[in-house]
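Below you'll find the structures, each written out as structure tokens.
First chain A sits with chain B, and in the next complex the same chain sits with chain C.
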Partner chain A sequence: MRAFECAYARYTSEPFALGQMLVVREGRYDTFGVVTGSESGPDDPSRPLVPRGDPGQSAAAVMASNPEIELLLRTTLTVAICGHIDREVARPVLPPMPPPLLAEVQAATNEEKVRVADEGRFLVPLLANPAADDAVVAAALREVAHAAGPGERPFLVAAGKELARLLKAEPSRLTSILRAVEP
Partner chain B sequence: MTLRMDTVAAELPGLIARHEETRAAAGAAIEGARSALREWSDDPVAASARIEQALGGQAVPYALAEDDPAATCPAPAPGPVTVVGVDGSSITPDRFSTVRCYAINIGHALLPYGVAVEPSLDAIAEVGLDGDLLEGSGDMRQAPRGLATRLLRDVRELERGVELAVPAASAGPAVLLLDGTLLPWDLHTRQASDEALAPYRRRTIDALDRIRDCGEPLSMGAYISASAAREVVAALEVLAPPPPSAPPLTDGDVFRGLLSPGERSAIFHSRSSRRGSVESLLPGHDVALFYLRVADDIARVELPAWAATPIQVDRLHATLVDQCERCEGYPRALQEAHEQAVISAGDREQFERLLDRLAGDAGIRAPLNGKQQSKRRRSI
Partner chain C sequence: MSDANPDATRPLGVVVGGSLTKGLEVRLDPGQTAQLGQYAKTEVGGGLSILGMVTDITLKSVDSGPTVWPPGEDEPALLREVLQDTGVYTALAVDPYLELGENGEEPARARRLPSHFSAVHPADQDTLDRAFATDGPNIPVGAPLGMDELEVGVDFERLFERSAGVFGKSGTGKSVLVLHLLDAMLTRSTAAATNSDRTVALVFDMHNDYGWEMKFQGPSTSRLRSLKQRHQTDIELYTLESRAARSDGQILIGTRDIQPDDLEVLRETLDLSDLAVDAAHACRRRFGPGWIDEIIADEPSAAVVDRLWREPPEGDVNWSQVAAQMGYPGSLESLRRRMERLTRREFVRTEGSQFGDVIEHVVRSLQGGKSVVVQFGRFGNDLVSYMLVANMLSRRIWERYRDSTERSEEREAPNRLVIVIEEAHKFVDRSLAGQSIFGQIARELRKYNVTLLVIDQRPSQIDPEVLSQIGTKFTLQLDSDNDVEAIVGGVSGRSGLRQVIAALESKRQALVFGHALPMPVVVQTPEATNADSARASLRARLGLPEREETSPAAALFGAPPDSTPPGDGR
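Entry: the complex of A and B
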């Protein structure tokens, strides 16, 4: 309910970024979440990835000269749920039920990001998730601020106030996140 | 643990010592065989005539060289190529099963190197009833258990190779690799009727014809690691009969000292009576072969004689050496095809349980026989 995992069909060197807001548009609600981690490795754990390529050869060149590698690896993401849209109403709280298994996960639009973030209220479910560490929270704030366009500054002010309210007992964490949000 | 390790461990040192004695005795025999190879090389026409006169028409399988039998060829540099590897695995119909059903899983790896082709690793599976294997008017009911499934699997491997390699060859040079012998040996079996084998024979011919129609853009090779074949040795024994006490040699024993890593031998043509029988069933598809040294392994590579043109052989040779360098001494495309094809013990058990459950849902229940029931329960 608080998080889900999703995977690419194979290895990708450029997965969704840390803190990026994603959406699952299937099920009763559109479920939104923030990327908290990314991991790539062999699909078959009994076949470890061994070093390949020559000294000085780039990863892209190694992949190109060993075309099977990308097919044998997979990139997975962990996503912390931070809100949902229920009948056109954006709610920065956990949805009543999880998104369906095997549903497609997509990048949220800028308009969706701003609506779900709701002036920083999406920080409540996000901070409650242990996987959303300081780097994830700061990246998510930067992402929404960027999506807000001309509303970037007002969003950061509102979100900063919300963050201060939620972390009044953890001043050092608050400082850490705010520093990481600064461009 | 049911194997009495204390018993076998005591026996092993003696076995190893006996093995060493045999190896030492083989050294002289190998030297004799290489001397015979030099004699053959000095006068290939006369020596080949002697070999043919001695072995022609006999049951002993042997091989004749196309040119100099002692020739060694270094690997050409690999060029842009699409490599297609195909391998198969199967589940034989279980006579204890409620529904006697076979499963065949054909895996492939399609790996482009410098060619604009999409890579792929995948497998296709098919299932059928035991009775489906009894095609035409023939009957395989009397054939040994598993023969029909194995034959169908071998033919499907070849057909799958055609399905993938022929389109790949239209986009650029391509190499089709199979694991094992080029021709399905079971086509030659006397344990099934000609009528029963005819459909498999026809499908094999159709597949080979399609590969031949591709011409020079497509090379083809069947790769046998650590082959125990001794067709070249049989020919050499005509020229220099080994002492009666000499241990039997393989072709690999002879070529191991002749070939450097990456080198291949001359092209030979198989002349075994068994092979001849298969070839007589597959007119126009004679088998050529060469030996290839990969690290310490001497691999046997079989190819259709019509695919033994210099361009096709050079491409096959270069590709095999490059593929083996990528995969610790075995072609990468065959390794990945195997990984796609393999049916694990867990898969087999799951397949059996699924079949039993679905049969049970359909109201089909076969009484367990005593042996099966006892094995499943394993009670004390």
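Entry: the complex of A and C
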């Protein structure tokens, strides 16, 4: 309910970025989440990846000379749910039910990001997820602020105030997140 | 103190705590500002609203974090911006004063509190009109702080029915404010139907401010038309100087007019010891009304010797022998030297009694509906002259008013008299308040239709009992904590008022509170101006037609013939 996992069909070297807002548009609600982690490895744990290639050879060159490797590996993401859209109404709270299995996961549009973030209220469900560490929260804020275009600064200030209320007992954490947002 | 409120229609903030005794705590909304002394209102339900005054502004933090680790100069600007109004915020202390109904009920002392999170707004003109509504005319005293377009008035009747005071250090605008109040008083009185309905002033004008013109430092003009120019036929100007311009008469005091009681208030100023004053009483008893003329003579007269010895000593008697015989060795000599210096003043005439005529004319003018300004000219810096004349004149005029009032069942009661004195603490300090006529007038309130308008820089030097009888106080900037404490002593919500006074600006800003107002108000006092528009506005507030109707006779001939003053200055 608070998070879901999604996976690419195979290994990818450029998955969705940390803190990026994703959406599942299937089921009763459009479910939105923020990428909190990414992991790539073999599907079969009994067949671990062993080092290949020659010294000085790049990863891309190794993959190109061993095309079967990509088929044996998979990239998986963990996503912390931060809101949903119910009949056109954006709600920065957990949806009543999780997104359906095998549903396609897409990048949210800029307009969706701004609506769901709702001036920082999406931080409430996000911070409730232990996987959303300082780096994730800062990345998510940067992502939505960038999507807000000319409203970037007002969004950052409003979301920062929301964050300050949520982290009133952790001033040092607030400081470190805001430093990461605006270094 | 913050800048003026930028948006009067937006709430200032919300109530987050407080009590009736300690005031409300209001969290200031982001982007809003407030000033000490500003009015604020909030709803309490049932159609009632509370009107209060901002008495303190505090910077607070929700916890110790932001204050223990404040963002440094090198921190991102976002951090500071975010912490504003979240981790740290501004809180207002608002003292609730009045409960106002929406159906025109009389404002009542606030006895309810708004609920948490009630919105607090800047007060508007409608709210102030309801709060300061008076049955009769009112005198505009300026714009409340942060509300330049609004205006507050004090109840004319209540202002002058008890003594009032204007306090402030030098250069704060006391004189201009007093001129404004007196102008309003005379403007209103002039329109009264009968003399007994008039309120008149007896002004002891130390620095020639309230007669023909007032010199001051202002942006537009340095000479302000004063009472005589504004109310030509309703003012008599007296002076202590014999050749003063525009004087209607000279104040003359004969040595036979001065009683030992008149010297009591001059003890400190004249450096008279208790024994010297006792010696004066003894001289008056032994030598009669001419006692001063007797003791300032070079040698004791035969009359003095006859009154002290059944058998005079052989040879010439000197003053040392007289002093010893009277039992005041040393003190009598000291008294003689001081009386000699006192009588060197040009308005003091030896071997005569001049004061009776002066009193007669001044009383006739006052009870005839005219105000009297006594200008001290070059004697303005001579505190002895000022205190002597003010005390002697006031005592005798008060006695006349007392007699008239006590006989008022047989005759019409006299009109109301307001005596205006400067440097009031010299007359009513702790040691003198019991003897001074001014202490008596203040304590008797309006018993004999005589009240005071005191002007002073050092209210802490005034006897507390007298100060407590001052009904309405106009307080401009004061330097000393003792002076501030003296002003607010015994007043409800004094800690807040103390803060407000401490934050007053150095010019034209006053805290006004007391008998004539339902609640304290900080105002920007009216600007000194000769503009006719200001006079028209004043007349409107006083409920008078825009233009003064002067009778042709008064315009041509001025004062009626029965009030021709004495003296050689006319």
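General remarks:
Operating definition for what follows: the second predicted complex is superposed on the first by the 182 of 183 C-alpha atoms of A that agree within 3 Å, B and C clash if a C-alpha of one lies under 4 Å from a C-alpha of the other, contacts with A are read in each partner's own complex, and residues count from 1 in each chain.
The rule is simple: a residue touches a chain if its C-beta (ideal position, glycine included) is under 8 Å from a C-beta of that chain, and two chains touch if they have at least 3 such contacts.
As the structure is a prediction and not an experimental result, all values here were calculated from the model.
When both complexes are overlaid on chain A, the residue A:66 reaches chain B alone and has no touch with chain C. More residues of chain A are touched by C (comparison of chain B with chain C). In the superposition on chain A, contact of A:163 is made with chain C only, not with chain B.
Of the two partner chains placed by superposition, A:14 touches none, neither chain B nor chain C. Within the superposed three-chain model, A:181 lies in touch with chain C and out of touch with chain B [touch as defined at top].
Residues common to the contacts of chain A with chain B and with chain C across the two structures: none.
Remark: chain B residues 109, 111-113, 119-121, 326, 332, 336, 339 touch chain A in the complex.
Residues of chain A touching chain B in their complex: 44, 47, 65-68, 70-72. Chain A contributes residues 156-157, 160-161, 163-165, 168-169, 171-172, 174-175, 178-179, 181-183 to its touches with chain C in the complex. Chain C contributes residues 62-63, 65-66, 69, 71, 75-79, 81-83, 85-87 to its touches with chain A in the complex.
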